[in-house]
Amino acid sequence: MAFPGPSRRGNQGERELLMLDNTTMWEAAMKKFVNDPKNFVPEMLKGIALANPGTLKYVPEYNLIMRAEGPRNDKVSIVQGSGSGHEPAHVMVVGKGMLDAACPGDVFSAPPMEYVLETTKLLKSDKGVLLLVNNYTGDKMAFEMASELAEAEGITVKTLFINDDVAVQDSLYTIGRRGVAGNFFVMKAVGAAAEAGADLQECARIGEKVNSVTRTMGIALSACTPPAKGEPLFQLGDDEIEIGIGIHGEPGRRREKIRDANAIVDTLLDAVVPDLPYSSGDEVALMINGLGGTPISELYLLYGIAHEKLAAKGISVWRSYVGEYCTSLEMAGASLTLVKVDDEIKQLLTAPAEIAIRVF
Amino acid sequence: MAFPGPSRRGNQGERELLMLDNTTMWEAAMKKFVNDPKNFVPEMLKGIALANPGTLKYVPEYNLIMRAEGPRNDKVSIVQGSGSGHEPAHVMVVGKGMLDAACPGDVFSAPPMEYVLETTKLLKSDKGVLLLVNNYTGDKMAFEMASELAEAEGITVKTLFINDDVAVQDSLYTIGRRGVAGNFFVMKAVGAAAEAGADLQECARIGEKVNSVTRTMGIALSACTPPAKGEPLFQLGDDEIEIGIGIHGEPGRRREKIRDANAIVDTLLDAVVPDLPYSSGDEVALMINGLGGTPISELYLLYGIAHEKLAAKGISVWRSYVGEYCTSLEMAGASLTLVKVDDEIKQLLTAPAEIAIRVF
Amino acid sequence: MTSSFDRVESVVRTITDTCIANEKYFGDLDSVVGDGDFGFSLARGFERVDEGWDTFDRTDVGTFLSKIAIVITSRVGGTSGPIWGTAFLRAGGTVKGKVDLTGEDVVAMLRAAIEGIKARGGASLGEKTLLDALVPMTDTIEERLAAGDAAADVVKAAAVAARTAADATKELEAKRGRAAYTGERSIGSVDPGAIAVAVLAEKVAETW
Amino acid sequence: MTSSFDRVESVVRTITDTCIANEKYFGDLDSVVGDGDFGFSLARGFERVDEGWDTFDRTDVGTFLSKIAIVITSRVGGTSGPIWGTAFLRAGGTVKGKVDLTGEDVVAMLRAAIEGIKARGGASLGEKTLLDALVPMTDTIEERLAAGDAAADVVKAAAVAARTAADATKELEAKRGRAAYTGERSIGSVDPGAIAVAVLAEKVAETW
């Protein structure tokens, strides 16, 4: 950071000390692929754009990844914002059939209001803009303020809050359940509907519907280290796991001793299944989402166990989703999501899409 | 493990002690989603099959994942074996357009000869069986013995060794370069050719060709813990990285201090680019492969840097491959692969395929 | 007590520098039951304030503060952007057109900021947010001004009140923001926002 | 020295139990410059031998050993499956039809095993493999038999020779197998395969 020319400024000494501290911290403690930690998000976003020339565009001013072709007036624009650190959510699921744009904030921080506002303006469409937001205080505020201002500028906007996490219960006080990995299903369904020409009202209906039948619960085996922090967000004992972890490393319901995979799947299903509830005869999509540091081999192991335990309850898995969908940097852990599906949802979830994350 | 009935048997006491040790070890030290560590691979394979009903089949006797429809006499069968722990390689890339089957060994162990032999028999086709093998002593032996025996049983077999790792140089003694993440390109190209009806000779030609223009180099930021071992394979200091790491945790070329992402990309490119060499005017596929514990955000950050550095050398990236292709359990780290492409390779790499790893 | 424009500038300057300098400390506080970004968010936002420092319209205190508010609201991520931005905006709104401020002006600014924060985030006193430092601090300022204390003493008393109240958030259960998810587990750690208010008040007192 | 079928069975039994019991130790040795699976591979294979123990055809020593060889070759993963399987197969091949073995038979078996390992893996002496324990051990057995020592003494001497040679692999640079990738960095650690041979020889001597 360069300090601009002559200006009235206070305790410079203290700030220089801090910068020094930051550098030392990086060198000593952080095992990450990163240059200046402050540029972690921009450099990642640049990489995404370079990896997808012709299909994705990066607008550095607003941390914005959008389809290269821009918004279309005959299609609702679907936008999701949130903190960074959850990749592939949401910047890597921009593309035909899913998002039109994603405007992330810094790691684990809701995007500043201006990013959301400018993104909404850049994605303006005659058919309207649908903003998908994970239900957190900061995100909610930024999106509400931005959509008010966007509407004042003549843009039709609807905002949809995703809140699939059963770890946090509604209460008089809190803002309510959090949005976590289940948001993938909302984005996929709404994206498919918008691509097929649905209007704003219809897109919102579909989003609400999918959100209403989606439930998630996660478990962390380790903490994670935000690049600009340089230290783990929390400490877990060698034999401890965090049940109901939030995707920003927020503590969950409780800490317990590590147990075998069967017991862990039981814990996850016991939280998720009775919540909707999912009942015998239901058809579901089953997602085992990796939190960033858990290998896909372990995720498939969990999948197999969950699939069979659901079958034993008479709940049949219609389709599997195993991999990383919504992560917490390099946190080891996993979440389990169920979506109760019907023909409409099935069709939307399997509709084609062309996004940054792909295998070949 | 149950000990079968009455039999002549030696120092039982010592063995029971060992089993006790294993349990304690698991509870104390291992942060993994696993039941009995000995069943890690079978339980994962079962999960893969449950996640892909109708398309994949699991044959527990031989650790085998194969297409549910079985071999076709009008199509060369493409089979890859190797140790487990590298997922999604290779069990998760079985499916139309890629492998017909994969027979993994235990974690980081070449499959026992019998697995390869029985797999080859089950995949028997009039057009022949092509065995893809990463070039390691154990794998080479198992595949050579098995293909000899399979041929004796009247099966037409060809074996192709993949050796893209530049970290290890050929020498008079060693078996030569190792096969690492670049094997994805060989599997994809050969799989596409076989699907299109190419004969065994032609499939082998394509595999050799892709292998001959593919080079990889990897870096580890952390070790990994095989489930049945329960302890990290090696120790890296808090500020140390291993340059040229093998995908089984074998030490690489040297240990160095952690550096920023720009410097790390330089190290990888300096090893890979001059090796083929890749020169100004070349078109390449660029893969940034995660080793299991590194989040995709960091991989895209590396991708962006590598893309630009290659462009500066006049080497243009034709297509990006960013994600996990060949891992070492939960190891943090990445490898960089270049493939020099021509029209034939491009067409094969982008041909459709339907495999277990997919996003939606 | 009257306060010149210079004084306002110097206070905002102190806030700016202190938020930048305490990036790590504020972040660490937020990782106990939050997500650790509080320090980073404030620091990146106030760096913007620092960068634009010489360019802000200084016609009057109200205009000046609203310019600062726009930078904060626009560029600070997380909950803090809307909360802190709203606070500066509402504070500025009460002193539109003024260049010199009375003690009553200062109290009005702080009360407006508090109301803005409540409106934006729905929090009340005792829910373990920055309000739990800001409100007792404002009460103290009002009392001391009424008692006719000198400005420097008022500022010192404000710092003591903010610190005492901020430290006392340790006993509270979080009902708002990310910490609220942890319910009872939030008891035992201080609220980062409240501590930030205390640190800022102390720095302002120090540099008065 | 002659050796009954019982003795052969007991030696194979000792090898089986020792490989199962040393899973962790052998694995740890292999993680120094290898990939850590050596112990796991052997243990899983010899568990199969254990499971099938009562079913192996015991018509003669050759047949018995070839049945063991098939289990090992078939079910042990990694380099060790083919290497150890070939060793048992070749050893059995030299004593087809025999039920009692002479000292010469034992030496011939070991020499055949060594040649089989060399043929299978292409390694020579001094390249830091199990050969570097197996060959000196066999040499010692041959010498002691020629000197007319009692069987129990021969076996003890064999164990000492294997141990000494295995420990000496520490000084060697690996030229074969996974450890060879590390070149000079392999110097300073013993070869897991060679140590396994020493451990087995010692257990055989202990239980003689």
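Each chain carries a letter (A, B, C and D) given by its place in the written order, and its residues are counted from 1.
Operating definition for what follows: a contact is a pair of C-beta atoms (placed from the backbone, for glycine too) under 8 Å apart; a residue touches a chain by one contact, two chains touch by 3 or more.
Quick caveat: nothing in here was measured; it's all calculated off a predicted structure.
Between chain C and chain D, the least number of touching-chain steps is 3. With centres defined by CA atoms alone, the chain at the far end from chain A is D. In terms of their C-alpha centroids, the spacing between chain A and chain D amounts to 55 Å.
Averaged Cα coordinates give chain A a centre that lies 29 Å from the centre of chain B. Our note on geometry: chain A versus chain C, Cα centroid distance of 30 Å, whole angstroms.
Shared contact sites, meaning residues of chain A that touch two or more other chains, are absent. Contact of a single residue of chain C with at least two other chains is seen at no position. Chain-to-chain contact here is organised linearly: an open path runs through the chains from one end to the other. Chains that are in contact with each other form these pairs: A-B, A-C, B-D. Of all residues in chain B, only 27-36, 40, 43-44, 46-52, 84-85, 87-88, 92-93, 188, 221-222, 238-239, 241, 257-258, 260-262, 264, 292-305, 307-308, 317, 320-324, 327, 329-330, 332, 334, 349-350, 353, 355, 357-360 touch chain A in the complex they form. Residues 9, 13-14, 16-17, 20-21, 23-24, 27-28, 31-37, 40-41, 44-45, 47, 50-51, 53-54, 73-83, 85, 120-121, 127, 175-182, 185, 207 of chain C are the ones that touch chain A when the two sit in their complex. Residues of chain B touching chain D in their complex: 1, 3-4, 7-11, 14-15, 17-18, 21-22, 25, 38, 83, 105-114, 136-138, 141-142, 145, 167-168, 171, 173-175, 178, 226, 228-229, 231, 233-234, 246, 248-251.
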